[in-house]
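Dropping the structures in below, format is structure tokens.
Two complexes come next, and they have one chain in common, subunit A, joined by subunit B in the first and subunit C in the second.
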Partner chain A sequence: MNELPAVLVSGVVSGATYALLGLGIVIIFRSTDVVNFAIGDFGTFGVYVAFALLTRGLPLLIAAIAAVGVAGLLGVATERAVVRPLGPGKTFAALVLTLALSLILVSLAGQLFGHQPEPFPALVPGHVAILGLVVAWQKIATAALAVVAMAVIAFFMRFTRLGVAMRAAAEDHYAARVVGINRGLVAAIAWFIGCALAGLAALLLAPDATLTVTLMVAPLFRAFAGVFLGGLESMIGAAVGGFAIGVLDDLAGRYVSASFRDTFVFAIIVLVLFLRPAGLLAAQHRQRV
Partner chain B sequence: MRRTLLSAAAVALLFVTACGGQSPAQSSGDTSPIQLGAWMPLTGSIAVHGLAQRAGGAAYFKFLNDHGGVHGRKVVWNVEDNAYDPQKTVAAAHKLIDQENSIAIVGANGTANTAAAFSYVLDQAQVPIIDTYGGDSTWYSPPKPLLFGIQTLYEDQMRVLAKWALKDSYKNIAIVHSDPAAFANIAKAGSDQIKSTSPSTNVMDVAVKFNTTDYAPVVLQVRNLHPDAVIMILSTAEVVAYLKQAAQQGLKTGIYTYAPNSSADVIRLAGADADGLKSEAFTLPPDDTSAAGVKDFVNAMQKYEAGTPADYESEMTWALCKVAVAAISKISGKIDKDSIVKALQSMSNYDSGVMPPITFSASQHLGASKIQRVQLTGGKWTLVGSYVGADSNL
Partner chain C sequence: MAQARRLLAARWRVAAALAVGILAYLATGPLLLTDRYENFVITTVAIYAIVTISVSELAALSGIWSVGHMSFVAVGAYSAAYLGGHGYPLPVIVLVAMLVAAAIGFLLGLTAGRFEILYLAILTLALALVAGEVVGRWVAVTGGDQGASVPPAIILGHRLTLDEITSLAILTATAVFIVVDLAAQGGPGRRWLAVKNQRTAAVAIGLNPALANASAFAASAAIAAVAGVVLALQIGYISPDFFSLTSAINFIVAAVVGGVGSTAGSLLGTAFIVVLPELARSTKDLQVIVFGVLTIAVLLFVPEGIVPGTFRRITPLLIRRRRPTIVDSDTGLASELEEWLKGRPVARDAELVVEKVSVRFGGLIANQNVSLRIPPGNVVALIGPNGAGKTTFLNVLGGFVRPLEGAVASFGGHDLLRASARRRPGVGIGRTFQHAELFGELTVEETVRLAAAGARRPAGESAAVSAAAVLDLLRLTRVAGERPDALPFGVQKRVDIARALATGPSLVVMDEPFSGLDLNEQQQLHELILAFRRAGISVLLVDHAIQEVLSLADRVCVLDYGRLIAEGTPVEIQSSAAVQEAYFGRKEKSA
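Showing the complex of A and B:
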């Protein structure tokens, strides 16, 4: 039986989580020049809050909204309290701080909610067979959301005043200030949207993978791979890269070796970056020297 | 009346055994606490195992101390988080021995992680490692002077699983295992067992990257091999992921796994998808309190570790700690590595009340070799036959 279609479907639905996370990473990077390594843990923390609300009898929809909101607000708080005080241009310091914050959040979530894995209900119940693979509606919803989010955010960044302001602030924050862009507001919005997307990704992943404090560690790893594959400055590239990583990962797992999935995927990424250092879909910057 | 008296006598005897019999004549006059140590994964993806195991050990030592400790001395069990990382395990060993003055490592977790600490603990610090939750055949053959264990070897568990699957008349058996050597060696033991017992049986090896969360490609791969039975040598989280994905894809096979996965977490997280799972257990079922030893364990868990279910993993660590303390309790003078080794080597047919009798000697540092088969039916682990060993006929 030819299982290639089933493997491709499996890869696309797995890649949707990486695409959502990748979008979050890129929107923060493009607006504030910060690579946020804690973004996955913001999402996980949000889902834990949702889990706590569920166990207290609140409806799933309310808990889900809370998860996304908490992740976004954690992002805003981090930008305001941790990243902004560093001042502009401190890219490396901000990166290290988000790494530290990631470790702290994992530990804090463990202390507050426990390290015991918890079952989390699906937002969209049921399954459907597609090309020989039984796929949860939840995963299809994730893929659809990733595509919609990609389109909406691309539109927002390109055609709205706020989106253009966010890009301008990232490009040159002094010039942006001169033309009246409120950089603080732009940064807060970018961090909220980026981290809320991570909350959404975690929320959609948790029913499948069970809720643990390390829920987003492996997906974040792959999301970053997708971002570098597609291009750190490209919204569409990040999302397409996420989907591509999902497909490559599953192809490697099925046809190469399940124990060499990461090796195979990252070997391809190294090859791609060697040929196109800015990523597959990022604009190529050329300078005459 | 007579039955009541007999029960009371049995409980009293068990209590005296458990607490080592605090005879003043045996006391060395030292009233300071006895420091023991352990490392476990309390954070990270394997924390589900470590947390349950810590709860079982902690319940035992609280129970012990509430009943007078060992010769009137309290026993402190210091547990360090190793996050299932060999380097962190070595760091934990240094802290436990250098800073907390642990005289023995008791009930620690992990084969590869514990082995990483051998050089420092056994050779350099000369501290005994007793009753690890883990271990392989190289640990005990030839015996290492300061290393003792009571957990039936994973390879032997795998051989029993292989025989069980053959007894169930399966002819195409896939062994799905994590890729690190510790898991691959267990899988190989099963593969060899099947080939030697039934050469016509088809055995398929499916290695999976450790800590895989997306099991869709793995299940597709297994489905393509058309097995009629699958033996899983994976962590609990991965067993759950496999079971859920296999159920979703409609893959119906006989399913087997080994003792570390006989836990309440599999039931809680996989739900109905785990029904029918055949597994193994080191101890008597924790939900059957007709045995006095199990009743003590369950009562202690409810009293001291109420937030953690009394399941197989916590019960095993209870047993690991209880056997170690039973040996230490036999020491009448100074408690040091030599007296601990001597006490362990003189232990013969010790009954912990929750697992088969334990016997050590100078040449035999692995005190147990049998395992109890269990099956998950209707959300409950039920016994299948009695204790069996790798060389038993099922």
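Showing the complex of A and C:
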């Protein structure tokens, strides 16, 4: 039997979560120049909160909304409490800071919720047969929710006053301040959206992977690979890159070697960086002399 | 002065490293002051400190942050297990591990110049993940998740005991600290810093940025591999757990917490990442949380790291820093300079020939059929309004922009279009910059000496001697020990000229040398350029200061919209209608 369609579908579905994460990384980077390495752990933390609510008998929908909200609010709190005091222009210090934050969040989650893997229910149970291919509803829901979330972000960035202000601030912090854009507000919203997207990604990943403190480590790596493909500055690039990595990763896992998937993804990143250092979709950097 | 102070400081640090090493050796060895467990902790600190300093100095000297150094430690550790298992002696194992790590590091370093710091950091982070995967899955060599046992080390037929391994670790760490410190303060460190601070200016004095980054990364990786070998010997059994992402991140934390580029900071930072977890073994989660919180606290409150941060707070109390002195009087400068230049071994018959240079950026034509000649010993000026294409033309000459097919550019018979940018000083072309572009972390003396190091000098003259001569001639000796940020802009631009002179040029290309200078400094520069000409050294002046240019130049070329619209003597140019129009717009007939 030809496995290719099944592999492609699963690649697109996992790619959808990488795209969400990548989009979150890019939104935060564009507005505050911070590569947030802890973004995945914010998502994991949100899902743990949802899990706690579920075990207390609350409905799945409420728990899911809580997961996304908690992840977003953690992001806002982080930006306000530790990232902003660090000051502008310290991109590497900020990266180290989020690395440390990631360590803290993983341990905190372990301390609060334990290190045992927990089963997390699918958002939509059951399977459906499409053109002879049996697909879990959860997978379809994952892809659909991811696409809807991305569409909402696209609409927000393009057509709302705040979204346009955020894009302006991303292009030129100083000029944005001159025309009266509140930078603190822009940063807070960017961190909320970015981390909420990570919360959604974690929520979509948890049912298949079971809930552990390291839920988001491998997806984050792939999301970064996608961001590299698309360029740190490009929202569309991050989304497309995420899908591409999802598909390539699953193809490689099935047809090349299941043991060396990370190595394969790494090889793709290195290759892309050699060919187009600013990302495949990014505008070519102007020569600076 | 400052130079001497730094050498003295370096000597103190060597002495301090030796003292710490000897103390640690005595305490753990002959004096029996410590028990087994304490020995274990001290050995671990010594080994990890080697990794930390390799990460820290790479960041300080090259601006490259490697999150993937744990991979090189793994190379060392598994070399010890695999090669040791096949009966190879320790020196061979160390050598192989260093070579393998250096090769990987060299390749990564070659790419470094292409990316921003963040990209490379994340790229090396990815390397750490991949190393973890390879270690876990390449069972034939690494033993996979089962791990691999490490046979005892053999040196000259002797099997090392555990106590001897402790001594070995301390000895290795001490040696690495001293060697790294000397290299960082010496030639390699200065080259790496120059490339990190000002890439273009570094190329203009003949340095190769890609090679500098690659060699820095390779050296750093090789050092980390040495630590890996000793680590494997110490624990006797290695498994993928040792090379997790968390441990990779730990070294970054150690470097940042202790203070980037500080040797004492590397040791302190390492103690932080080793001892803290040992203090709270039972509550692992809590320990990691404390660890993370402390790291963030240091980043927020002592951003430069604990050791440099402490020094910065203490130093003003101990030493009152002198204000930088102004340069000495310029009396006799021009004639002394002329005499000195006449004695330099440079070609005085080289002519710059440029023909039909056209450059297009997308739809924009930046240069169109520009031709220009500079006969030996001539001062030629290139002027034109903003956006006329002057900078593009300079970049073609400098080798940073490639013109379209059909262009010719040669100097003294050397084809400039085929030679890479860093070959310019080699054929006798020196360059100065509009904004001086000095190396921020190098002193004036180091900058000029670095430029002199690659230059043709009279037989038997060292780079230091020739740098001293240039500094003396340009009246910069009193600021020789200063860094650029302590100098007024006019002095910075003079240092830039000294740097170009030290490369032994027979043509000096000057980008807006008069901009930003006060009247007095402009006058001095005028005299300097005249001295160049009298000594048979050509000058290409690109500037807006029309009056200065017209009074200095033998010939003037005028660019507008990428094309040469006029060329001639200053008198001819002054009366040229085309030039008037380009600069002041078309004259309206008054009604």
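Everything that follows uses one rule, which is that the second predicted complex is superposed on the first by the 277 of 289 C-alpha atoms of A that agree within 3 Å, B and C clash if a C-alpha of one lies under 4 Å from a C-alpha of the other, contacts with A are read in each partner's own complex, and residues count from 1 in each chain.
As a convention for this text, contacts are C-beta pairs under 8 Å (C-beta built on N, C-alpha and C of every residue); 3 or more make two chains touch, one makes a residue touch a chain.
Please read all numbers here as calculations on a predicted model, not as lab measurements.
With subunit A as the common reference for superposition, the partners subunit B and subunit C occupy clashing space. Within the superposed three-chain model, A:103 lies in touch with subunit C and out of touch with subunit B [touch as defined at top]. Contact with neither subunit B nor subunit C is seen for A:143 once the two complexes are overlaid on the shared chain.
When the two structures are aligned on the shared chain, A:209 is found in touch with subunit B, with no touch to subunit C. Applying the stated contact rule after C-alpha superposition, one finds that A:262 touches each of subunit B and subunit C. By the document's definition of touching, of the two partners only subunit B reaches A:119; subunit C does not. Once chain A of one complex is fitted onto chain A of the other, the partner contacts of A:93 are limited to subunit C, with no touch recorded for subunit B. Applying the stated contact rule after C-alpha superposition, one finds that A:250 touches subunit B and leaves subunit C untouched.
Of the two partner chains, subunit B is the only one touched by A:127; subunit C is not. With both structures placed on the common chain, the touch criterion links A:10 to subunit B but leaves subunit C unconnected.
Across the superposed pair, subunit B and subunit C both touch subunit A at residues 106-107, 110, 259-262. Within the complex formed with subunit A, the subunit B residues making contact are 42-45, 47-48, 51, 179, 206-209, 211-214, 216-218, 220-221, 223-224, 237, 240-241, 244, 248-250, 265, 268-269, 271. Those residues of subunit C lying in contact with subunit A across their complex are 65, 111, 114-115, 117-119, 121-123, 125-127, 129-130, 132-134, 137, 200, 245-246, 249, 252-253, 256, 284-286, 288-289, 291-293, 295-296, 299-300, 303, 361, 391, 395, 398, 400-401. Subunit A contributes residues 1, 3, 6-7, 10, 14, 106-107, 110, 114-117, 119, 127, 133-134, 136, 208-210, 212-214, 218, 249-250, 253-254, 257-262 to its touches with subunit B in the complex. Taken in their complex, subunit A has these residues touching subunit C: 35, 82, 85-86, 90-93, 95-97, 99-101, 103-104, 106-108, 110-111, 217, 221, 224-225, 228, 232, 259-263, 265-266, 269-270, 273-274, 277, 286-287, 289.
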